[in-house]
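Labels run A, B, C, D and E following the written order; every chain starts at residue 1.
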Amino acid sequence: MAIPDTPSTTSRQPVLSLRGISKNFGAVSALTDVDLDINAGEIVALVGDNGAGKSTLVKILAGAHMPSSGSITFDGQPVTLANPAAALKLGIATVFQDLALCENLDVVANIFLGRELHPLRLDEVSMEVRAWTLLKELSARIPSVREPVASLSGGQRQTVAIARSLLMEPRVILLDEPTAALGVAQTAEVLNLIERVRDRGLGVVMISHNMEDVRAVADRIVVLRLGRNNGIFLPGASNQELVTAITGADDNAVSRRGRRTAEKVQGEQP
Amino acid sequence: MAIPDTPSTTSRQPVLSLRGISKNFGAVSALTDVDLDINAGEIVALVGDNGAGKSTLVKILAGAHMPSSGSITFDGQPVTLANPAAALKLGIATVFQDLALCENLDVVANIFLGRELHPLRLDEVSMEVRAWTLLKELSARIPSVREPVASLSGGQRQTVAIARSLLMEPRVILLDEPTAALGVAQTAEVLNLIERVRDRGLGVVMISHNMEDVRAVADRIVVLRLGRNNGIFLPGASNQELVTAITGADDNAVSRRGRRTAEKVQGEQP
Amino acid sequence: MTTASDRNPGALLDRGDERLKDRSGAKGAIRGFLDRVRSGDLGSLPVVVGLVLICAIFQTLNPVFLQPNNLVNLLFDCSTVGIISLGIVCVLMVGEIDLSVGSVSGLSSALLGVLWVQWGWPVALAIVAAMAVGFVTGCVYALLLNRLGMPSFVSTLSGLLAFLGLQLYILGPTGSINLPYDSPLVNFGQLLVMPHWVSYTLAVVPGVLALLLGYRKAQRRQAAGLSSRSFGGLLLQAVVITVALELVTYYLNQSRGVPWMFALFVGLVVAMNYALKRTQWGRSMTAVGGNREAARRAGINVRLIYASAFALCATLAATGGLLSAARLATASQQAGTGDVNLNAIAAAVIGGTSLFGGRGSAYSALLGIIVIQSIASGLTLLDLSSSLRYMITGCVLAIAVIVDSLARRSRVSHGRA
Amino acid sequence: MTTASDRNPGALLDRGDERLKDRSGAKGAIRGFLDRVRSGDLGSLPVVVGLVLICAIFQTLNPVFLQPNNLVNLLFDCSTVGIISLGIVCVLMVGEIDLSVGSVSGLSSALLGVLWVQWGWPVALAIVAAMAVGFVTGCVYALLLNRLGMPSFVSTLSGLLAFLGLQLYILGPTGSINLPYDSPLVNFGQLLVMPHWVSYTLAVVPGVLALLLGYRKAQRRQAAGLSSRSFGGLLLQAVVITVALELVTYYLNQSRGVPWMFALFVGLVVAMNYALKRTQWGRSMTAVGGNREAARRAGINVRLIYASAFALCATLAATGGLLSAARLATASQQAGTGDVNLNAIAAAVIGGTSLFGGRGSAYSALLGIIVIQSIASGLTLLDLSSSLRYMITGCVLAIAVIVDSLARRSRVSHGRA
Amino acid sequence: QDIAGSTVAFLMPDQGSTRYEEHDHPGFVAEMKKLCDSCKVLYLNADADVTKQQQQFNSVITQGAKVIVLDPVDSAAAASLVHNAQAQGVKVIAYDRPIPDTKADFYVSFDNKAIGKAIAASLVEHLKAKGVSSDGDVGVLQINGSPTDAAAGLIKDGIHEGLKTGSYKTLAEFDTPNWAPSNAQQWAAGQISRFGNKIVGVVAANDGTGGGAIAAFKAAGVDPVPTVTGNDATIAALQLIIAGDQYNTISKPSEIVAAAAANVAVQLLKGETPKAETTLYDTPSKLFVPAVVTQENLKAEIIDKKIQTAAQLCTDRYAEGCKKLGIE
């Protein structure tokens, strides 16, 4: 459990830094005293059990929620992210877990929402071309970009949400389970993309429950448990180590299932 | 690509069998001429690219959509699944990809929706106890079952949707990406659960983009591509084989990323 | 089953999560209340505060306002539109609307007049007939929605016009029809109050029931390993309820007493509340209003739910029409026109039922109509020109709701809209 | 970039998916149309069919209905409430409501009367003042929603009452005020029609524009590798539009001709349609109405959008009030009361704008008000008692919408509600 | 001039009172039939909506009406209608309610202001006769018609004048939205709480609002009900008078007025100038003074003049009262 010295970090000052962030919803404390640093040119993986508070943290960074307490600094300056517009203005792009798409708008309109070309005379042709290009880049399989998002499959929607975040030139990009609903090819493209983005010097936060993917791309793995920091790992950490930190116990469902499966295989091939 | 002779199948007649199912949405053919058999005591994995039509197929089996053409037989009898109630009556339980929960109801109400205990004087205490038991079984981490589902995290919601499907005593259970949003421990529990359910003689259809999980539990893997059948595989099939069938090309994003990563590792350790 | 290290492993089934703040005991209850204040989760408390504000203002302007006699009038007046509003709660719950409640109530009062007074039917039969017309009306709306997908806004707008026409048509030859002043129905609408001992007895019931049922529930929960309310808390609540109700009853009994018509209204509210909160039907209503497709996929017969909502709404509207005819002792051509529609819908909304479905309560009709009628009653006691009367009604209505909005606002900023 | 085996790899950018049926060319267009019929995706065509049905019935019952003179009256009458309804479309788009448009329009006509006729202000100034009051009203509603979270149903209900009072108050001393008949404003509201050559010229514009813009767009799309409409199709469409409009114009010119007031209304509709469909503002309106939180997370200033919707609605309501004063040549005490509210909202809904936000079009106001006014006008041509007139209005309204509902019904069963 | 086949329109304002559909329209049609069998009569009711009335007015002109009998929803707004009609050579007869701002071709009516004055004066007289003193805090309530109805304004003015004939104070005054009886009832109930037995009478502008006031007194247990006025002589009100709950109403055998309007219409069609008895607002006019009906003259004014039949009024519960008044 060592705080790592990420080699690919270009500057020593974190772009975005959280200190002592807490968030209460009524009687539930979703986050308690969480710290997090995001450096430029670095992929931070945020992992944790269901309900550990990962999305809540991301929403706070995206300006969608206000923290109950704690401070946020961006480029060393203390900032208040009072609303998503403020976060976007600082250059924080976000793919939310619940996608936050407008079901009644078509794919093109969703991708460009809030950033339309030619506000007074929308340039639909250019937007449509750009949309197709982005989607091709993500290996998306969407028959038509002129259908309302309501008619898309789960994975197609997720692709649209990711395409949205690629439009602006952000400083930091937050991806909340970006590949959860994606097919194998699309997942591969998104992982490629995340690496490309990191190499361009952006700070990336990725949330995922897929430890393999996490270890494949992350430079640093931050674990949350029941709303609290529960360790920081290097991608070299073993699966067992990570799962223990996430579940808070050595003996957990994963290890038990692993043992059981192994026994069964042995039992079958005596 | 061999149609397998599943050893664990208890009866030779499929519980549920689809022939020539097609489904059009306006100008888009989401499914074309799809065949599928589901046997009792067997786990069928349904895999395919985003937008391949997996969820559409499940929705047709669940009675949520009507097919444009094709026939469905249940226990050898031709049936029309005109609405979800009809499917539920036959004993087809479904976890939908979009979960289909009522955000304004609390966790207990969602789990028991349509199957409340004591219709004229709801037995809230028993329902709450049962809800907690089910959730514990799934390793869920939900602080309170009396909060509206709107306040749950993505994974918590998915757990609720799965718990719902465990309430009834179904003949067939359809799981559309049941573990997409789940944490590692919860995923392990759900995989255990799927195996237990199969061993009780139920027919299980599981959709997933995680090939590892698929190969771990499936007895048969059915591939859909662009709305058509694209082969049936045994769990022994290699990743490469499956991905090729899913994406329709040998040279795909996955294989390319695999090669690139391998090269990079080699490049770094010369 | 995982046994992840919980802070308090021996805890209650529903208190196992360490992120949950402890809210048991008196101190916990107070903290929980503060939590709720802060997060704007106060139910109907803010509207009640708004109501108290209004009453205080009117009372200063004219001390007749809170005189028991005036309050008894107020209760009579609340009942008719209140019952209509209760039906509106039903359709709003499933995310639909009925714009024709006014016309349906007017038609039903016209039917009562014609069938009973003119044609000489027994009054009970006339009442049943009028309610049956309401029921059928609701079923037709449901049919149009279920089979043709016709939005209820349009179908009930058509109904509004058509039934207004029908009301005028059947009253046509005579205009208004007097109902006999000495009939039990008119008596019920104008005079009938509970004997004092009955009212005092009934005022005890809610507290006792709250205590008994609450205690039984707490015991069952305890037995099942769930958190439960303490007996002390339950007792305190029961005592407060009982004392408050007895005081109000005593006050009203200084004048004529508690109108039976109001008792009927409250009875319907309580029954509706039970049906919405404690039965499968009510659960299904809430589910359909919240997410129609999810409800359908859960196997709920969505069409039947719509039908029940519309039928109930129109039947209650017809009932309200009968009572307002009784109250006026006339089947009038103007019955149901004017503000009836808007007041019935506004009462439900002011009381906290959402226009968009899935959120609401039977009590909102009670609370909302009391707010609206208090304003109306308060203004009748002031000598004002019509223009001022309208302006003040508008402003006071706004004030009553602003309190609620202010409380709820923090709800949004706390991420629980 | 993957190059997964596509059936037609060299195809257009947006036609690459093999699951898309080919819909190019005349045959494709027809098949596409049939597809849309089957899936109920016909836009406003069904309402138009309903309208044609209504017209045919009324024409058989009384041939005066389609006489040019009657149609010219119809167009005059459509314009005032139509403009109010256009504002309603705005607030419905963002999922809110304004119940006070009637009162605001009444207040604005009262202001016009008082300021212009009584106080002797220049008419232009009086108009601006009345519209400014509308604008401020809208801003206040937005403020109440944005800052206090007060539901617009309640705030605008309060407004309805308060402004009705204000209208009566400022007209109080005199009652209704007549506007000078010979003033340009009254002329505009009652008599002014286009010179024939102007109307014929204007009737060409839509077709030509459709052709030119359509062609330019097709070329740009082609250049960008996107599918595009054929020149033949565009030409055909342009010719059909032009011939139809010229015929209507010719017919109307047989009587007085096309009212300038109607031209103003249509102009506003076209402008609003452009604003809603082709500007960032309109996109944001649709987004906020569809999913407020998603719009907020996209960085849209949701509060500003609400403010613009309410301000626009109230300003248009004030404008409608001015025009109806001009049409009546009176600032009447009754202006804005009665059916104005319901008609304005119903027009938008009948035309296809959703009450739940995120779906609608400026044209729905035009179409809806024509349906409503046609029914009204058709019924005035039949010798009927009011009661029958109400009943028939209700039924005909239902019929007009049933066509639409029937068409849309299949939409749901095809999974695209 | 040959008037055969001409079209005449009869436009009424609202449904607030039943007289228009029950008496005025049939009366007008019957008289027209007598005078010009082949003439066509168009009848429309504006349901208290000014805009609707304008549409109806334009519509009947389109349908070729040469004379329009207009009972305006808004007297001021009617001015422009008259103006436009006259510009197209169409004659307008103001009916029931006057059109002060523009000279119509004729005005035929019951005098609304006179109605107001009559009911109030009759009430004052009755109170005086009963020996009710006007000293102290006692007084009367005044329930006017709709605040947006011009005719209601006229009646209100008349009531004010009528009350001046006595020295009874007006305790409170109310404009009833939409003339709705239930609004009148609620207001009256409030005043009963306020003033209790200081209320000696209620001047209500029509029978509906009067009925509302009576219901309020009954509901408050006030017995006997103070003196309440009305207007329109609806069956319901006449029955209340028979039962002794309401004091007076105004008999408007509207058929007479309607017939007079038909006569004027035919004369105008023929191009003749109808003879005027008086002028009001510069308009040649014929005004009928309606009769106040109380228990004393109910038989004479209503039954004997065949406005209603005894059978209609004397249903079971009112039979006894009828007998007392000598109505069989």
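Everything below uses one rule, namely that a residue touches a chain if its C-beta (ideal position, glycine included) is under 8 Å from a C-beta of that chain, and two chains touch if they have at least 3 such contacts.
Chain labels with UniProt names: A, B = ATP-binding cassette domain-containing protein; C, D = Xylose transport system permease protein XylH.
None of these values were measured; they are calculated from a predicted model.
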Fewest hops from chain C to chain E - one hop per pair of touching chains: 1
Common touching chains of chain C and chain A: B, D
B-D compared against B-C, more contacting pairs: B-C
Chain copies touching (chain C, chain D) - same or different residues, decided at half shared: same
Chain whose mean Cα position lies farthest from chain A: E
Whole-Å separation of chain centres (CA-atom averages), chain B against chain E: 75
Cα-centroid distance, chain A relative to chain D, in whole angstrom: 43
Computed distance of Cα centres, chain B from chain A, in Å: 25
Interchain centroid distance [CA atoms averaged], chain C/chain D, Å: 36
Where chain E touches two or more other chains at once, by residue number: 15, 21, 147
Residues within chain A bordering two or more other chains: 25-28, 139, 141-144, 151, 185, 189, 226, 247, 252-253
Overlap residues in chain D, where contacts from two or more other chains coincide: 2, 4, 17, 19-20, 168, 293, 385-387, 389, 415-416
Touching pairs among all chains present in the structure: A-B, A-C, A-D, B-C, B-D, C-D, C-E, D-E
Contact set on chain A toward chain D in their complex: 62, 64, 83-85, 88-89, 94, 96, 100-105, 109, 113-116, 119-122, 125-126, 128-129, 132, 136-137, 139, 141-146, 150-151, 164, 185, 189
Chain A residues within the chain B interface of the complex: 25-28, 48-52, 54-56, 97-98, 139-144, 147, 151-156, 158-159, 177, 180-189, 191-192, 209-211, 216, 226, 243, 246-247, 252-254, 256-257, 260-261
Touching residues on chain E, where the partner in the complex is chain D: 15, 21, 42-45, 47-52, 54-56, 58-60, 62-63, 73-77, 79-80, 83-84, 101, 147-148, 150, 153
Touching residues (chain side chain D, partner chain B) in the complex: 2-5, 17-21, 23, 32, 35-36, 39, 41, 413-416
Chain C-touching residues of chain E, taken from the complex the two chains share: 15-18, 21-22, 147, 172-175, 177-183, 185-187, 189-191, 193-194, 207-208, 211-212, 214-215, 218-221, 234-236, 239-240, 245, 312, 315, 317
